[in-house]
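Here you go, one structure.
Chains here go by letter, A, B and C, matching the order in which they are written, and residues are numbered from 1 within each.
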Amino acid sequence: MKTPTLGQLATENGAQVVGDPDLAVRGLAPLDQAGPDQLSFLSNPLYLAQAASSTAAAVIVSPADLERLRAEGHAEGRHWIVARNPYVVFARIAQRFDREANADLRTGIDARASVAADAVVPASCFIGPNVVIESGARLGERVRILANSFVGAGAQVGDDTLVYANVSIYHRCVVGARCILHSGVVIGADGFGFAPDIGPAGVEYVKIPQTGRAVLGNDVEVGANTAIDRGAMADTVIEDGCKLDNQVQIAHNVRVGAHTVIAGCAAIAGSTHVGRFCVIGGSANFAGHLNIADRTTVSGGTSITKSITKPGGHYTSVFPFLPHGEWEKNAAIVRGLSKLRERVMQIEKRLRGEGAGNRNTQEIEGKSS
Amino acid sequence: MKTPTLGQLATENGAQVVGDPDLAVRGLAPLDQAGPDQLSFLSNPLYLAQAASSTAAAVIVSPADLERLRAEGHAEGRHWIVARNPYVVFARIAQRFDREANADLRTGIDARASVAADAVVPASCFIGPNVVIESGARLGERVRILANSFVGAGAQVGDDTLVYANVSIYHRCVVGARCILHSGVVIGADGFGFAPDIGPAGVEYVKIPQTGRAVLGNDVEVGANTAIDRGAMADTVIEDGCKLDNQVQIAHNVRVGAHTVIAGCAAIAGSTHVGRFCVIGGSANFAGHLNIADRTTVSGGTSITKSITKPGGHYTSVFPFLPHGEWEKNAAIVRGLSKLRERVMQIEKRLRGEGAGNRNTQEIEGKSS
Amino acid sequence: MKTPTLGQLATENGAQVVGDPDLAVRGLAPLDQAGPDQLSFLSNPLYLAQAASSTAAAVIVSPADLERLRAEGHAEGRHWIVARNPYVVFARIAQRFDREANADLRTGIDARASVAADAVVPASCFIGPNVVIESGARLGERVRILANSFVGAGAQVGDDTLVYANVSIYHRCVVGARCILHSGVVIGADGFGFAPDIGPAGVEYVKIPQTGRAVLGNDVEVGANTAIDRGAMADTVIEDGCKLDNQVQIAHNVRVGAHTVIAGCAAIAGSTHVGRFCVIGGSANFAGHLNIADRTTVSGGTSITKSITKPGGHYTSVFPFLPHGEWEKNAAIVRGLSKLRERVMQIEKRLRGEGAGNRNTQEIEGKSS
């Protein structure tokens, strides 16, 4: 592990150095904590004052913020990495240090792993204790699978993917390259598909075999205890670059477009297609068989019950929280809203009667739905 | 694996053949994709035109739909399985093909499984690598338990039940026959039971041992990462034929009546009893100590806060989703709804004053809660 | 296992005996089921009649309830444990019986566990089959880790903590003493942290390494399939005495104050700090970067979108559930609430115009919004 210089870090990330490119940097820290051998970053102008007084070896800044610091006399004699998006450059440099500090250099198959004779496991892989890899499964180069995880028959895992402990990947499912699956993830369990039949006392359910797969693209991260079901006949698909947080539920035949992010506990019901570049808030839920346009933002806790056709919108459905006593009062009125509306209509009717020909009240009426 | 004939498939499902009963069928496919050796099905009259033009070997239809096809001249010279409920017959035939294609014929105990000396594991079972079966546990015939699952001391699993990888069944819990437990399922963890005690700075919690069991009936399917807690003293019970999707939460002492289906991420709090033949939408949540009548339908995302006594109802509690800006406006009004109602009352009062004895406004007032 | 006497049980819990302190007690049961060698408890005056007629050997009661029973002539010749909080004393005695009945006396490391040479595992611990304990991990005395669980490199687990099967504790995380982690729990997976970058077609995400830890205090219980992420740079912290139910989601850099309880499926987004002694209902969700005051109660299903500064409040945000048809009507009005409000304003304006100088309507207007 060789200490990188400011110049190296800038070059690796397409950024410029202002100051000494030979300066050695030993790690990253927030502006107010960074010591004289650490790099910091300024991604929000709110923290300009912190950047001005930071004791960091150097700071990653945008051209505009460096101008501001220079104008205020804080740039002279100091060292900078100048980048269009300092937060992204910070993230990439943080990855570099993290990789070096935490490199898991183990390779090979633990003596306690169970790997089927016909499974493909390159020598560059690490397979932890008690991992089970069933017949016909195929791993790419440098795949790491930590302890007690399961890879079903015929499943595929792409190059450089990291599978944490206690993950389950069902038979024939596909995980792309450079993915990260956190502990408790389940890929490819049966979708929730049943044919309703009339039983002697009510509707009973006959299982429909789920013969599709769950297919994840490249660069997908899946959070702890998230479940992505296999498709009924066709596949469930998570496209490249998607990031799913913990405890997310993806039902059968869902498609999530590339680079969409889904926060914790969100749930997407069967056959719903979510567009690309969407941002789905935590605990949001989607009904089944919907189409959600690209670049849609959905607030946390929101229920989406209809398709959204216009790209780029932001939608919310949360009842505003209130002190419980006030909520009770308002909830009672919500229960009787149609009566309240009726009362307003009666008043308008009466006033219309009184002021016949009054242009104003007719307009009002016209505006109401 | 012998290729079945149309006649066999019909007879097995109590259906009739119209056409050649000796026709061999090699699989199932949707109407628009089925080839000349595949069976398809028509369960929705919307797809009559697809059925008319399908190149499938044969199609499963209802008597009424076959009449329609016949009337339009599309039935002649073709082959049909005629059934009251084509979707159910499709599901059963799909199960048959799936069973043959994917039969897991492995039996026996993997050398890496840990089975207690006094556990009962018939020779017809398959116990995968790293499965742990503790003292006194008893499995029925043909039970399959995949890799890395855990069966606690004294637990029971009925005939033909399939337990996928990384499942945890706690001590003394009971799983019926023909059940399916998907990966990440936890049966019988402690219910959330604590006695509140006054500590020096506030209420602290003393654990109440959870000595009941979780008991699942026959033909229950439990989705990935669903948790069903054991009871506090009495048992938590999931009756026969229930289907639970992924990430469902069943708290202690809940009872779910037979043939009820619960979609993903729904949560049922402690001691609530849900009736038989209910349909619970995804992400719905129930308060504790409720009784929910048979055949109740609950929409996705709905919060049920009171008991429901009348069977067969359908309930919803979702704030309608809106573009965020509109939502903000409406949310502000919801927060002040009691003020809006007050204003309407003041108007009514004033108008009543103006039009004393006016029968109409008194009626309006009488209607309000 | 020696049968305890009433006197012993009372002394252990700082309570008094009224009656025979030498009476032997063989277990606990509800008032209406307890036999003549079992102890029962009365924690709710609603059940006074049951206490009066119970055939239990003795009953745990409050001083006030014993007075009532005495006044009604039901105390004479019977045996009582008198305690300020009978429910807490019941819980503690139930723990005592449960411990004796279900004592897991196993110690040592199962031959099928994988324990790193430099991990610290005292001889008083029990390490089940297929447990994996990685380099540098340190367990306290009497820690029990059941089958197929994972303890990452450098992680710490305190004295007397019980880890059920299929739990994952990531590298460097800390679990305190006397904790209980149920099956499927994931401690310390990566927080959901990404730097947004402009890609060719939209925003893409660059992973920010999550280098903090998840740190749990003492006496914390974590329910099945709950996930507590590690922090981004600083730690995620769950303080002493917290109780988390099943399927709870705790995002990175969250802090949950001591003795707070969180019911099933609740989700707390990144960097939110929840105070001490709070009660969070099931399926509640919190936005990120909030501060929630001590002793706050949040109803089940509620979305908390803003900080709460005043301690001890109770908040709710649930749309009241209704029969679906009524809900549809009210939902339509909610969608048009701003129009309804506009109509009321127009009426008020008109009436104001008619009754210029009318003090009453001006007051009303002043109260609005």
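Simple rule for what comes next: a residue touches a chain if its C-beta (ideal position, glycine included) is under 8 Å from a C-beta of that chain, and two chains touch if they have at least 3 such contacts.
The structure presented is a predicted model; accordingly, all values stated were derived computationally and were not measured.
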| item | value |
| --- | --- |
| Copies chain A and chain C touch via same or different residues, half shared test | different |
| Cα-superposition angle relating the copies chain C and chain B, to nearest 5° | 120 |
| Centre-to-centre distance between chain C and chain A (centres being mean Cα positions), rounded to whole Å | 26 |
| Chain A, residues touching no fewer than two other chains | 112, 130, 148, 166, 184, 225, 247, 265, 283, 318-320, 322, 332, 334, 340, 344, 347 |
| Contacting residues of chain B [partner chain C, same complex] | 112, 114, 130, 132, 148-150, 152, 166-168, 170-171, 184, 186, 189-190, 192, 194-199, 201-209, 211, 225, 227, 229, 233, 247, 249, 251, 265, 267, 269, 283, 285, 287, 297, 299, 302-306, 313-320, 322, 326, 329-330, 332-334, 336, 339-340, 342-344, 346-347, 350 |
| Contacting residues of chain C [partner chain B, same complex] | 29-30, 85, 87-88, 90-92, 94-95, 97-98, 102, 110, 112, 128-130, 146-148, 164-166, 180, 182-184, 221, 223-225, 241, 243, 245-247, 259, 261, 263-265, 276-277, 282-283, 294-295, 300-301, 318-324, 327-328, 331-332, 334-335, 337-338, 340-341, 344, 347-348, 351, 355, 360-361, 364, 367-369 |
